[in-house]
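What follows is chain A paired twice: with chain B in the first complex and chain C in the second.
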Partner chain A sequence: MKRLQKIFEWLDQRLKIGAAVREAMYHRVPRSSGSWFYVFGSSAFLLLLLQVVTGILLALVYVPSASQAWNSLQVLNHDITLGWYLRAVHGWGSNFMVALVLIHMMQVFLFGAYKYPREFNWVTGVFLLLFTLGMAFTGQVLRFDQDAYWGLGIGASITGRVPLIGAPLVHLLLGGPIIASDTLSRFFDLHVFIIPALLLGLVGIHLLMVLKLGINEWPMPGRLVRRETYLKEYEDLVQRDGVPFVPDAIWKDMVFGAMILGSVLVCAAVFGPFGPRGVPDPTIIQAAPRPDFFFLWIFALLALLPPYMETPLILIGPIVVIALLLLVPFLSGEGEKSWRRRPVSVLTVLVVAVTLGALTRFGQEAPWSPVMNGWSGLPVPAQYLKGRSALQRQGAIVFQEKQCRNCHSLGGEGGKRGPALDSVATRLTPDELIRQVLQGGGNMPAYGHNLSPAEVTALVSFLDTLHPPGVRPARDFAEKGLPLLDTGHPAKH
Partner chain B sequence: MTCWRRLPALLPALFLILAMAGCSSLPGRPGLGPEVQRPSDVMNFGVLYKQNCSGCHGPEGRGGPAFPLADPVYLSIVNDATLRTITAQGVPNSLMPAFARSAGGMLTDQQIDAIVEGMRKNWAKPGILAGVTPPPYSAPLGDPKRGTQVYQTFCQSCHGPGGKGGAKASSIVDGSYLGLVSDQELRTDVICGWPHLGAPDWRSDVPGHPMTAQEIADVVAYLAAQRPKFPGRPYPGQPSRRRK
Partner chain C sequence: MTENVSRRAALLKLGVLLNALVAVILAIPVVGYLFSAVERKHRYTGWVSLGPLAEFPAGQTRLAKFTNPQRRPWDGKTADIPCWVRNIDTQTFQVFAINCTHLGCPVRWFPQSQLFMCPCHGGVYYADGARAAGPPPRGLFQYRYRIQKGQLMIKAGELPTLATCGAIEPIGEKS
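Showing the complex of A and B:
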């Protein structure tokens, strides 16, 4: 033990960092800050380190070339012992990291930790969030499968909408006018060198500021932040009721970090790596690309925006959102810290969370996308064929063969672009069905030119059987002898 | 007591042994081959059938609106070349589309072979027609006049007088229906029946009295003769309003 101490002393005489480390370790933090709410940032940092280590190992095998990337991931998944596990840990680590950064940010916002004098902790934090998302996106590109390929295509299309410099920007992003080998090299550079360097450097500044300015104290309702008095009050608090960071506060960070690390390892073992899915070959049209989980909300938003709003919102929206985030500490740098007295902040967080959650859910479902193989791959539910005539059965074939199923569901299966047709006969009379099929309308194309009269007749005779048992199908008012309401009396008009 | 004290040192080793033993069977481990195959590399009959055929022919080759392919009687009278042609090029004047790339579909010739092979392997029952001489799969149309007689003998009890539908079965002379099925499909229906709908094959329409090949050709001709020139006018009673 003594020998060890001697070595340390020898080293410290030459390096002179012992004092700084000791200061960082034993600096006093408010007792109230040694809380289970103050552990998210450190865990996000821990995951960043995990990502660096697993990323270095992955880069030993991964080949950043458009023709080899997908195959090298197959090698990792199948041929290298535990290669799949390495990929899984990196992938799940990424998901956990984005989630933790978001939770950390929410906690900082709700606890007012961005207020004077910690404005720049928040500003660096906003950039750390952007870089983390940048890592997630570029990492998804490096997976170089169909999702990555088409995701890049969408990214490039968005970039191309920038006025005046759109085209040069796309060239800069893709390394040329199309997605090719240069594209992957660029994203490899971004994912492995540029963004990690920025991320690690900024994390250093972020942490240094936490150390120098002191961790935020637990917000008490009614204890207001004032520029004139805050520093003194904080100093008094730390002196009066402070504890050394090591070991009084750090043990919670360590326990939570271990739990997060364990969760990542378990998720990786149970759910495995993400993809790679299909080969990134644009000639394969049987592709339904989806972005990764944390970008599903953007996918949904872009799909649901009315066309006239697309370009302005895509180009101006991000700037406004980032500017607002950066301005937060300067707009409300003083005053109440506790969420209990900041209803607007709490509501903002709730609205943002609900909006993102709903959009993510939509993104998973993507009801706006037709199910392109619904017509040939989804059987007609058996109950809709029971006791049907030969003509009605032919109508069911027309329904499938003309790909109505790609947009309309039967029995819950099929596209969600158009309405489900399980009870369409209660809504439309046979004549209305014929008109709708021939002329379209209400977002449906006209099929008059694509269907023969026999096909229309068969189709409508099938559709007219689609009503719940015991509910009469819709009939024309003028049809004689038919009861209008189920009263048992014939209609009179 | 000493045992417990040593435990922390042993734990990592224990964990490592367990991990090495278990890692090959962890649930997250990817299965063999890529997660998503190149669509043209899919050769598994079950997958091909489900993606391309089940929409009309039913989940297991029966129970759909289109002809039940899992009928062993059908599979014993049709040959592979015919199945391949139908799958690859579709059937003209019917709703069966072409699936081969050469005909505008999405499947390679190898995949079409895999589908035909899979149908035989999974659904055919060799020897189901042992001792029976089945009528030929295809033949020219017979005499529609004689077909009327044949219809009355073999079909009318279910499909009603004139084919317009009866108590047990629906109309098979509806103009739109006839406009959407080929003569060959009518013939296949007569020979094989639709077992799961209760329509018997050519041997059992009248028990103990199988239809002869001639009778089949005649009754198909009788049905085909009722196909209107312009099938499917929704208001057949009204004069058509054509622009001059």
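Showing the complex of A and C:
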């Protein structure tokens, strides 16, 4: 033991870092901050280190070329010992890291930790969030499969909407005229060199500020932050009721961090690596690209926005959101810290969480995406064919053959782009059905040029049978002598 | 003493100035290299063949593909670009880009209903490429074409977006 200490002393006389390390380890933190709520940031950092290590290991095999990237991932998945597992750890590590950064941010926001004098902890934190999302997005591109290829197409299409300088921006994004090798290389550059360097550098500054300014104390309702008095109050608190960071506070960080890393390892072992899915061959057009989990909400937003709002919102929206996030500590740098006395903040978090959650859920469901093989793959439910006349059955065939099913469901199966048609006859009269088929409207194309009059007649006579038994189909007021119950109708049987 | 200080300050300024000068000189190749991807004078587009006319029967719309005029040897399959060829009456053609004008997903042709459909957000186009329904802001992007020695040629070379469709003619909306 004595000898070990001698070696350390010999080293420290030359390295001169012992004092700084000791200061960092034993600096006093408020006893209340040694809480299970204060462990998310350190775990996010731990995950960053995990990503660096697994990323370096994956780069031993991965080839960042458009022709070989996908193949090299297959080799990693199938040929290299435990290559699949390292890919899985890297993929799940990424998901956990995004989640923890978001949770950390929410906690910091609700505990008022961004207020004076910690404004720049928040500002650097916002950039750390952006860089983390940047890593998740560029990582998804490096998985260079069909989703990545068409995802880049979506990125280019959004970029192409920038007024005036759209074209040069698209070329800069893609590194050339099309999505190809130079595109992958620049995303490799971003994912492996540029963003990690920014992330690690900024994390260093972020941590140094936590160390120098002190960790946020547990917010007490009614204890207000004032610029004139806060520093002294914090100093008094740390002296009066402080504990050394090591070991009093750090053990919780360590326990939670180990649990998180363990969860990543378990998820990776149980669920395995992400993709790669289809080969990135643009001539295979049977592709329905989907973004990764944390970008599903953007996918949903792009589908649900009215077209006239789309371009302004996707170009200006991100700037406004980032500006608002950066402004948070300067708009409310003082005052109440406790979430118990900040109803607007709590509501904001709830609204944002519910919005993102709902959009993500929609994104998973993607009801706006037509079922491209609905017309050929899904049968018309048998009860919708029973007792129908020859003309009505002919209409059922037209309905199936003309891809109506890609957007409209019957019996719960089919596209959800348009309304389900199981009871369409109760909503539209035959005349209205004809008009809708011929002229389209809303999100439906006009079929006027694509159906013969005979096909329209057959189709509408089939659609007019689609109503629950005992419910009268819609009719014009002008039609006389309508029975209250459509007793003679086949759908009744 | 004061003379010394001002002398050192001047030397420091000299040091800063020299470094700034070197930084500016270095920035020229760096910026030039980085921005080399930006197209100048339509060098990206050129005429490519989609194959003999016989491959595109009259009255039909078929998938064709071409190799992008500008490519790298290590591009692999990504240099192969698909497009839709519509032969209207053996003499007149329409060649549509595969990319939906909304967000660039690959549109698919359905001959039964004579519609193009996009799998991403449900954009729909008519047989002549005009926007039919859904979020697309305009009709399909269309390549210029010409017939040369029995081959269908198109002018192509870059991913079409709302900004980069220089070689691509807009088509009217169908009201």
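What we mean here is this: the second predicted complex is superposed on the first by the 447 of 493 C-alpha atoms of A that agree within 3 Å, B and C clash if a C-alpha of one lies under 4 Å from a C-alpha of the other, contacts with A are read in each partner's own complex, and residues count from 1 in each chain.
As a working rule, contacts are C-beta pairs under 8 Å (C-beta built on N, C-alpha and C of every residue); 3 or more make two chains touch, one makes a residue touch a chain.
Given the structure is predicted, the values throughout are model-derived calculations rather than measurements.
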| item | value |
| --- | --- |
| Touching partner for A:85 - first (chain B), second (chain C), both, neither | first |
| Contacts of A:434 with chain B and chain C, given as first, second, both or neither | first |
| Partner chain(s) touched by A:370 [first = chain B, second = chain C, both, neither] | second |
| Chain B versus chain C as contact partner of A:149, first or second or both or neither | second |
| A:277 touches, of chain B and chain C: first, second, both or neither? | first |
| First (chain B), second (chain C), both or neither touched by A:161 | second |
| First (chain B), second (chain C), both or neither touched by A:263 | neither |
| First (chain B), second (chain C), both or neither touched by A:401 | both |
| Which superposed partner A:180 touches (first chain B, second chain C, both, neither) | second |
| Contact residues common to both interfaces of chain A (with chain B and with chain C) | 279, 281, 286, 375, 401 |
| Chain B contact footprint on chain A (complex, rising order) | 74, 77-78, 82, 84-85, 88, 145-146, 268-273, 275-279, 281, 284, 286, 373-380, 382, 385, 388-394, 396-398, 400-401, 405, 434, 452-458, 460-461 |
| Chain A-facing residues of chain B, complex | 23, 26-30, 32-39, 50-56, 58-59, 63-66, 95, 97, 106, 165, 170-172, 174-177, 179-181, 230-234 |
| In the complex with chain A, residue positions of chain C that touch it | 34-35, 37-39, 44-45, 63, 65, 68, 70-72, 74-82, 98-99, 102-108, 110, 112-115, 117-122, 124, 126-127, 132-135, 137, 157-159, 161-164, 166 |
| In the complex, chain A residues that touch chain C | 65-68, 149-150, 153-154, 156-162, 166-172, 174-182, 279-283, 285-289, 302-303, 307, 310-311, 368-370, 372, 375, 401-403, 406-407, 415, 417, 440, 442-447, 449-450 |
